[in-house]
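By letter and in written order, the chains are A, B, C and D; residue numbering begins at 1 in each of them.
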């Protein structure tokens, strides 16, 4: 498990080769995996044009350049809000064109992959689809960065193998995202496995970011876990924010409001410095 | 949780309504969910024509009428054997036409769903795809029974909600399949959750079968767990067998050889009788 | 893992030696681990003399000869009912002397071990104490059968090693008891791991029984899981019953009432027969 | 779960009362739970006088004032090294008297509690004994700080209730210690649940420290997780170090060598500063 040992026998493409530098994934003018600490933030789901432009303003005023927001929302119940779909993509693209913000959004099947790709800058594979190898192969054929979330009970090995599926098709721009694993603990939505960050850094050359919002399910825990993730070596964070979390159509309990987010970004600057990162 | 309480508020279509009879899913001339104990058996993966016809003979001589076999194999590593794909479907269909055996095989994406449906009698959704809602919706539009495996760490609620996704599109022929959940125990591949059988019977009117092969990962445990599943109320079993398990291209350790399978089916007859089932 | 391989290199005393017969633990005139299916039943906690004698009558009328009942109750909260302690032991002993029923009751520390031993026939080590090696060593020095429950998240290996701690001190009368493990599933209190039964039979010569009451936490699931345990190879069952479960001071939700218990024992007779057991 | 809500209805003594200050536990001249970041370090097991004095020197040269070291070692196998017992206590006391270092060491049963207390400054309850309520009650009667490790699969609620058992007997000097929980992930020994730190701070007024050594099981992950714990709000750390990890009688793989430890303490100073702590 030591960095001295080549990991390429197990993970041919995603594995760290001794002495090999970290991979940096280019998203617009931003490098994920380099010296910059990369923050992505936004609502769980795209709800309306007003909501998106309000969020865009918050991001811009905090110096954040990547917006997250789901147009397609995989939900446990088919009767829950499933996202605005094409209309959501249209709105994301509008924000993208008008503000210059980069967009990360989830792709849930091969059929809509091209449409999603045309409206966004990073294609997110959600936790539920990490084992969906047909989708991974499809994304491997595109030339677009992929944010690969860890499956809800995926081992580190399975997660890196999922990256391998994408890379094998020719797309090396994979960003890993730790988002909590399923355990017996009921207080938190998931158990955020921060040890995955230094462990993945040993095993792989790929960048890894952390999602403290899904990882904990509680907005009160997001600031502490965001800062801890950065110190543990994460290359970035993906954080849920909402202009008014109480009115969110999904995941309101884990979303920061504009005030909380602004306070957090200030704190993160100091933490990034100690971690040798620039924010 | 009692049977006296309607479950249709939570699970609109899959939920048990007080007094409502069990759903029986028709597969050819076989009814899954009725008095018959339904056994499905066959290799993990389709490997060759010879292999399939050898297995067919074993099944026929044991009175088994549904053959399992994967043409598309989702594997953790992209470098492992991924199944014979179209060629595998062709072979399954050949066996099906020549022997009259019914076929259950896995469908891994929407693109190949129609092809798989044309060569088989039950469409299997594997554990890795239980949360793949796009695929579930697609299968809901077909008029073909679906075998819905429980996700590797899916709660009972998530599993029934996955059935709900299929049924909401108009396909009520859903057979649930418990196949073990992921726990901390390293001796077994998964922990087979047999309590899911009576619990699902309380919550839902859908038939439920058990996969003791993936559920344990060890052929030595398959006979005991097969019999226990039947006594616990399962409507059927799906069991991995191979003419020569040592030479299997996948899952050899959990496959029964012809002798073991023949011995098991004999024992199951007596167990089925006590459980009020016919085999 | 095969029975052909000696397990005594890993588990010196508890491990199965190829060809070695099963250990039978003598409790009064009863043999646990032989042809008889051994049922132990009774309330979670000793509550009163009336309650115990009511239960005794139920047991006797069903032909059951071992009563369970806790005088010392380890509870998550120090503010919950902790059992009647010495008074509970006194009542258990009174039932024992007057009815001839054998008693299994929990011992929670070394200080009270001798007192518990003098009033009972089997010393139960609860799930919370499976890793309490000081207590295990103490029980190893007594000449009394020990019922060793699997820890709430103990691996099979840790469980057999706990037996090893007892046996190393000279007490070979260890009965293992599977009682469910902690998983992510919220519908059941624990996930009853029935595959542990045939697995322990491969690895060890010790008898193993199953607790479907704690294993599921729901009385509606107890009958199905009791029968499944017997078919899976369990040497016995330990079942919670209460004259009036709704009024139970602890674990009422998982206790059978006299009617349900009587119906279950009848069903178990048929199941035992198929399993090659006598009840 | 918000800090605005009193937690004393659930946790009468350990629960945070709105507006109530944090509890600070005094150990010699050190306050755990105040502004100081408290580091405890030392070997897993006391092995020899030389070893202990070597470690003492390392600690003193790094400004660390609390030494950890086990005289009684609960081990999965009864055939593994079980610690030097009384001889180990004697050696710990010798170091304590000669160097002025404070000692934290594990107590495994009531019998030896007084002896352990007389040779140490903090009584550690190990993960395996968190549910051993008899032991907790006994420690509640002593006037000695208790380091209460989280059980290997204990929920946060069970953990705080264990503290409640100690406090109910009159001992309020309880320090909680997160040390990783059991999950399905095989790369790490446990999954360190850092979200437990801010969560416990919301629910309780008790100090909480983190054990990154057991929490990960890999020395290469200890520095990152130590720093992350501090940023997440931990009041301290307990770290395994060994003069020569390769020769350690237990847990060598997760122990830092003197060099690694010295480097880590330097890094921790900068991290503590950002976290508003003094080291």
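Simple rule for what comes next: a residue touches a chain if its C-beta (ideal position, glycine included) is under 8 Å from a C-beta of that chain, and two chains touch if they have at least 3 such contacts.
As the structure is a prediction and not an experimental result, all values here were calculated from the model.
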item: Chain pair showing more contacts of the two, B-D and A-D; value: A-D
item: Candidate from B-C, A-C or C-D with the same interface as A-B, over half of contact pairs in common; value: C-D
item: Centre distance in Å when subunit A and subunit D are each reduced to the mean of their C-alpha atoms; value: 34
item: Geometric centre distance via CA averages, subunit D-subunit B, whole Å; value: 48
item: Centre distance in Å when subunit C and subunit D are each reduced to the mean of their C-alpha atoms; value: 34
item: Multi-partner residues of subunit C (each touching 2 or more other chains); value: 153, 157, 182-184, 186
item: Touching residues on subunit A, where the partner in the complex is subunit B; value: 12, 74-79, 108-111, 128-129, 131-135, 152-153, 157-158, 161, 164-165, 168, 182
item: Residues of subunit B defined as touching subunit D within the complex; value: 153, 182-184, 186
item: Of subunit D, residues touching subunit A in the complex; value: 1-3, 153, 155-157, 181, 183-188, 191-195, 197-199, 202, 215-216, 218, 220-221, 224-225, 227-233, 270-271, 273-274
